[in-house]
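Per-chain residue numbering starts at 1, and chain names A, B, C and D are given in the order in which the chains are listed.
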Amino acid sequence: MPAARIGVFVCHCGLNIERTVDTHAVAAALAEHPGVTYVSDYDYMCSDPGQRQVIDAIDEHRLTGVVVAACSPAMHEPTFRRAAEEAGLNPYLVEMANIREHCSWVHRDRDNATEKAIRITKTLVEKVKGNHPLDPVRIDHVDKCLVIGGGITGIQAALDVAEAGFQVILVEKEPSIGGHMAQLSETFPTLDCSSCILTPKMVEASRHPNIELLTYSEVIDVSGYVGNYTVRIRRNPTYVDPDKCNLCGECERVCPESTASDFERGLVERKAIYIPFQQAIPSSYTLDENTCLGLRPLRCSECAKVCEPDAIDFDMQPEILEEEVAAIIVATGFELYPILNLGEYGAGDVPDVIDGLQFERLLSASGPTGGEVRRPSDGRIAKRVVFVQCSGSRDPENHNAYCSKICCMYTAKHALLYRHAVPDGEATVFYIDIRSGGKGYEEFIQHATEEERIRYLRGKVARIYRDGDRVVVWGADTLAGKRVEIDADLVVLAMSMDPHPYTERLAKTLKISCGGEGFLKEAHPKLRPVESLSAGIFVAGAGQGPKDIPESVAQGGGAAAKAIGLLAQEKLTHAPEVVSIDEEVCGGCGVCVGMCPYTALSLNGAGVAECNEVLCEGCGTCVSACPTGAAQLKNMTDTQIREMIEVALADV
Amino acid sequence: MSDPTGPFEPRIVAFLCRWCSYAGADLAGVSRLQYPPNVVPMRVNCSGRVDAEMVLGALEKGADGVLIGGCHPGDCHYVSGNYKTRRRVALIQRALSEIGIDPQRVHLEWISASEGNKFQQTMIQYVERIRDLGPCPVVEATPAEAAPDG
Amino acid sequence: MAKAKIGVYWAASCGGCDCSLLEVNEQILDVADAADILLWPCATDVKYADLAAYADGEIDIVLFNGAIRTAENREIAKLIRRKTKLLVAFGSCAHTGGVIGLANLATREEIFTTVYGEERDRWPQLVADEGGRELRLPEFLEKLAPLSAVVAVDYVVPGCPPPREVVGQIFSALVAGNLPPAGTVFASSKNLCDECPRDRKQEKIARILRPHEEEPDPDRCLLDQGFICMGPATRGGCNAVCPAANMPCTGCAGPTANISDQGAAMLNTLASLVGTGEEGEDQLDAEDAILAQLDDVVGTFYRFGSAMSLFRGRYHERNRTSR
Amino acid sequence: MSETVRHVSIDPITRLEGHGRIELFLDEDGGLADAFFQIPELRGFERFCLGRQGEDMPQITERICGVCPEAHHFASTKALDACYGAPPPPRARALRELLYNAYIFSDHLLHFYYLGGPDFLVGPYAPPQERNILGVIGKVGLELGTEVIKHRGYGQRIIEIVGGRPIHPVSGLPGGQSKGITEEERAEIESMAASAVEFAMATIGIFKKTLLEDETFIRFVSEDSLALPTYYMGLVDEDGSINFYDGDVRVVGPDGTEYAQVAADGVLELIDERTEPWTYVKIPYLKDVGWNGFTAGADSGVYRVGPLARLNVCKGVGTPLAGAEYEAFLDYFGGGPVHATFAYHWARLIEMLSAAERTAALAAEPALMDGPLRTTLGEPGEGVGVIEAARGTLIHHYRLDDRGLIDAVNLIVATTHNVAAISLSIKEMAKAVIRDGNVDQGILNLVEMSFRNYDPCLACATHALPGQMPLIVDVRDADGALRRRIER
């Protein structure tokens, strides 16, 4: 390496620095420092004439590095690096010595401040001496985005990315997109019909030229890295050709086999060949191979016989599709906490104890009861309904420790809708306390609590059991301080929200992590809420934590924006101050591999550690952990740090 | 300038993580919060980059104390670098006490970007502590025997 | 080809290095043919007076084992440096100070008191008068130092003692008369893990074990199992004989080229690996509990390296108010 | 022609392990006035072992001596067994003894062929450049020379197989061994051991043909002035025969009567240590007899250890072939105890044979291959480990704290037991040979020979390098001016 020719530029910052730091003295002292060939000081280095000085000096004195002793790098590092570039000096050979925020502004004694300024500046000179010219890491990328999960979050994300002009693959493991929102009757706080606002979006997604819809499909493998992920997707056979199926429904009529309907939350049965719900997209029948006789050795094939367009094909095989995508949005959504875990509330043996989504179906005009609140056991209209909030939530001992956030709201909605459906009905709501943060939410709660014949009781329910055809609810009214016993026709448990059961397995496939409760983990709880720790993989919706519809849609949009930002770049660039491995020294102990939160490090075939510069964020944790010194951070090597420490402490 | 023969003025280096403590120091500056000038700050990307060689190296090169500033637990910009540093510092302090150096000379503090005050207070208290401890014995010990042609 | 003029010298050493020269068995006879031995106190009748009589640079190469413990060691080291063209730090003591560098964890006072008792007048004297006869002893230095601390060193042959293969290497080079450039270290450039037969899974260290506390699984990485194996922070070249013998590496070969302080490097690594699995604020106490299981930090991480460490020895805080 | 030499210094004493210096002071008539044996070296193990983990001691203390690391390794391991109240299981014990006897074999072999032996095999007055293994090979033939190197290699190989490394083994742990050996390795050891027995027999043959025919040697073993009637110390097992690895400490007086027989942990009761301002080594002596200056005899606490001492304290050597040689040895001297310092050479060869026989026997020992390698340890406490190093009794004494860290350590190594006796022997020899200030090379070597009896154990002379430079003795007159220089 040629001898260092460093230029040091000391800024007065008007009086901000000059008042307490003798900038001439600093310049003079640095002029003596080995490797420094040019020094100057000036009123405002960041001003045009100031930058001009730097540019000219680089040119005239053939500087190999520049140190600007001025303000915090957070302030003007980009400014001077751009200036250097203009003068043909690699920007990574420019460093800022922070003698304002860290010195002149925090000290009064001029001598001491000046001495400290000299020490600070010398450390940066030593750093620059060891710096190498670097170019940003640049990688090509494909122009596709994968969205996993066809609920409202995934649909929103897919539409936004598609609208921005990029290809999207939307993968949904159920036969139809729509997710849980499709099961809802109305939505709080506006009480508009759920499917009325969801269906148009579903249709739009299915029709959008940039969106390829893969329902009844699952992501089984992911490899590669940001910009260039290779994804393998298994498309399960529906045994029905959607293009031929005309929804006549003959097959369903003749099908001899049936099973509990997932969409109707088991309130009714559906046939082995079925369509999840009327507005399902794609609007086509699906043959559920686990229930169908046809796929067993003897073929019943009643459906095929009656299928006029001959859409049924028993020999359909699963397909494995391989796709290249630049970014992945994970919107796997939620599932309700299993009601059977609440034995103390009679769940399981009392048919008239149901969960929130079942109640949504009872309320829904398209539901099994056509919107009439008839209880499962005997189909009688429920005159007295008890709602139990926090069922399975906020109960670290027995159930989920966290608050599921939306239960307060949807319980209020349930109570109100019930009152509309059963004008002479009576609703009781047990709550611990009411959480109604959100636009119009508190007003909505007020509305519900003021409603006649909706009784809010503060307290927990101890036990729920069956007595003849009544459901007895034992609880406590902690405000009145007395026990309460209610004979109910129907009990609705506002169940806690779990991450979808598939979430953890999928996270492993994607090599992203889940938090303690199994929800997808974001890169930073405050600053990077929709990013995972793996570059190019984003998280959104209830899979990341309990959320209501507006939040989920917002996150879907946020994740989409991140993905678009990535797709829109002609090449992906990445800060070059990353880790490099000295292969001569690395013995492949792999200590570094476990250190990296971004899985940037791995052991290659030769048993030597390897850093994927695209993934490395340059924190240097692995460098500290490396027992051989093989791992080094570019432009912040052990040697540089050693030199910096030495001058920081040497006599001035 | 600094007079080696005069009353003891501690020499201290501080390794500050770029995202929290260094920014916290910037905030202290912007807020004009005064503190002693004995500490020379150095910016590292993450407190997780700080290792025993840096700390012991500083003591060997004449530091009377070494301060490490990182993000609060849970806030590390790189997720968990600060946890590793915390463990390293614990072990370094064990080693120091085994060789007769007061472990307080190495100090780890969580300072967020919004804690200008905490940065100031940390500096004031830490410099005082080191002033009380006196010069680090490592600084004085030059192994005459080991000096070439002693 | 003119016969090479070689020498071997021991300073503060155990003799193991001299023995290691014999581990090459018959090869030693080739050396005898190819070279004249101008100095080898333990083998040939050459006295210090004779060494002084050599012309400067007369010897081609000297294998110097042992550390600088006494003033005599230091003087001879300087004398030899003058007399030889190439000086080799042979073995741990010359290279890093070796096990006996642990003596730097105590002061000379403390050592003498422990060995000879409190009565100072009973201690050995530099000059003693025994019935009118003057007897001299070389000074026991305050701090033990590796060879490189008192004179410039051309080659390093690490190990306590240097393993057979490595001794073979330098002898072959000697016999063939093609010695490598100065600065060469006769060992692997990588750490021990590179040649360790054990299977490493890079596990978190959730508990720390001492070799006598449990019988290690012979196939799994010792560090993975919680035994403090210095292998990661130690230069390879010995074929990981200690881990192969079901015992942790103790670091005798010193650190790799990029590391200035072997103990510090291992400390970084261990602290980084310690953990219960998930890292988080709720784990801090658990982590401290694991670290607390570690006994004798310095004696373990600096078994061979304390004389070469950044802190160099033991100190006493004196809480003075001026430099 | 005679000049008076005031002060002769042999520095360093060559062909010995560790550093040593002999100071000779002559009187006006050029006779010997006084002689001192100095050890100008201290490393301070007793201090820096404090605070270490107990189980690390076998690997730390073996660095005291790289020629007999095995002795320190297992003295230390045995001390730890005692500290943890955990005697090793049979398999571990067998492995240790196997390694240990192989060590005694190769160590004794070295002394005879490379170090002490050449003085007689080649001859004490022969030029120094011939008084080494090449000279020996010249005498006995290259074929034997290669056999020597081969069998030394065998010894080291067995140590490597059992101990993990040929120098500074690592296998010893409190209450056991870290590793076993494979059947292939056992078979290899068995065949090497068999060969070692034959070689040891052949060596004794050579001894009888050469040394026992050499009139200088005969003179030295018979001359009373060179005999040292001291106490003797060594380990014996239940039936009173020599045991290198383990047993009771037995001490006999100059007249052969038993002075004491105690278990390992009792040995420290027997001895005391004194310091001299002119040497870095502490000098032990029998406490109850007391320190009576550098003198021999029943009234002086000075005692000796090592091969000769062991043959003087034992009732037998415990193996058939060596047993016969032991009888021949006693017959030659008309019964024990044998005080002739030069008899150390003979005793050493008898032990070498015995060690080879034991190695062979242990290699066939069934316990070697089966059973646990470790036993469960008790709470850490205090313990003493005593073992017979090639050159004598070696004592390690530790106290562990509740975390198993060393908080007290005392080490008495073989050579230091002999320090007083060595000084005496040197003085006697110098008295006998130095006349009229006439100090030539042969005479100086005779003085060194009296030291080498005690086994300067370093094995570096294998390839027999001619001593290139002569010893220079400066002859100064009363006012210290150089008057004459004697060169070899």
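Heads up, the rule we're going with is that a residue touches a chain if its C-beta (ideal position, glycine included) is under 8 Å from a C-beta of that chain, and two chains touch if they have at least 3 such contacts.
None of these values were measured; they are calculated from a predicted model.
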Most remote chain, CA-based centroid, reference being chain D: A
Geometric centre: closest chain by C-alpha means: C
Length of the line joining the C-alpha centres of chain A and chain C, rounded to whole Å: 53
Rounded Å distance between chain B and chain C, as computed from the means of their C-alpha atoms: 31
Distance between the centres, which are taken as Cα means, of chain D and chain C, whole angstrom: 26
Separation of mean Cα positions, chain D and chain B [Å, integer]: 54
Junction residues of chain B - those touching two or more other chains: 4, 51, 53, 57, 74, 80, 84, 88, 98
Residue numbers of chain A (touch at least two other chains): 595, 621, 624-625, 638, 642
Set of chain D residues in contact with two or more other chains: 51
Chain-to-chain touches, reported pairwise for every pair that qualifies: A-B, A-C, B-C, C-D
Residues of chain B defined as touching chain C within the complex: 4-8, 51-53, 56-57, 59-60, 73-74, 80, 83-84, 86-88, 90-92, 94-96, 98-102, 132-135, 137-141, 143-150
Residues of chain B that touch chain A when the two form their complex: 1-2, 4, 11, 13, 23, 25-26, 28-30, 32-35, 37, 40-46, 48-51, 53-54, 57-58, 61-63, 74, 77-81, 84-85, 88, 120
Chain A residues touching chain C - in the complex, by the definition given at the top: 516, 582, 584-591, 593-595, 607, 621, 624-630, 632, 638, 642
Residues of chain A that touch chain B when the two form their complex: 72-74, 98, 100-103, 105-109, 111-116, 119-120, 123, 523-525, 533, 577, 595, 597, 617-621, 623-625, 633, 636, 638, 641-642, 644-646, 648-652
Partner chain B, residues of chain C touching it in the complex: 68, 71, 74, 78, 105, 141-143, 145, 149-152, 259-261, 263-265, 267-268, 270-272, 274-275, 279-281, 283-284, 287-288, 291, 294, 296-298, 301, 309-323
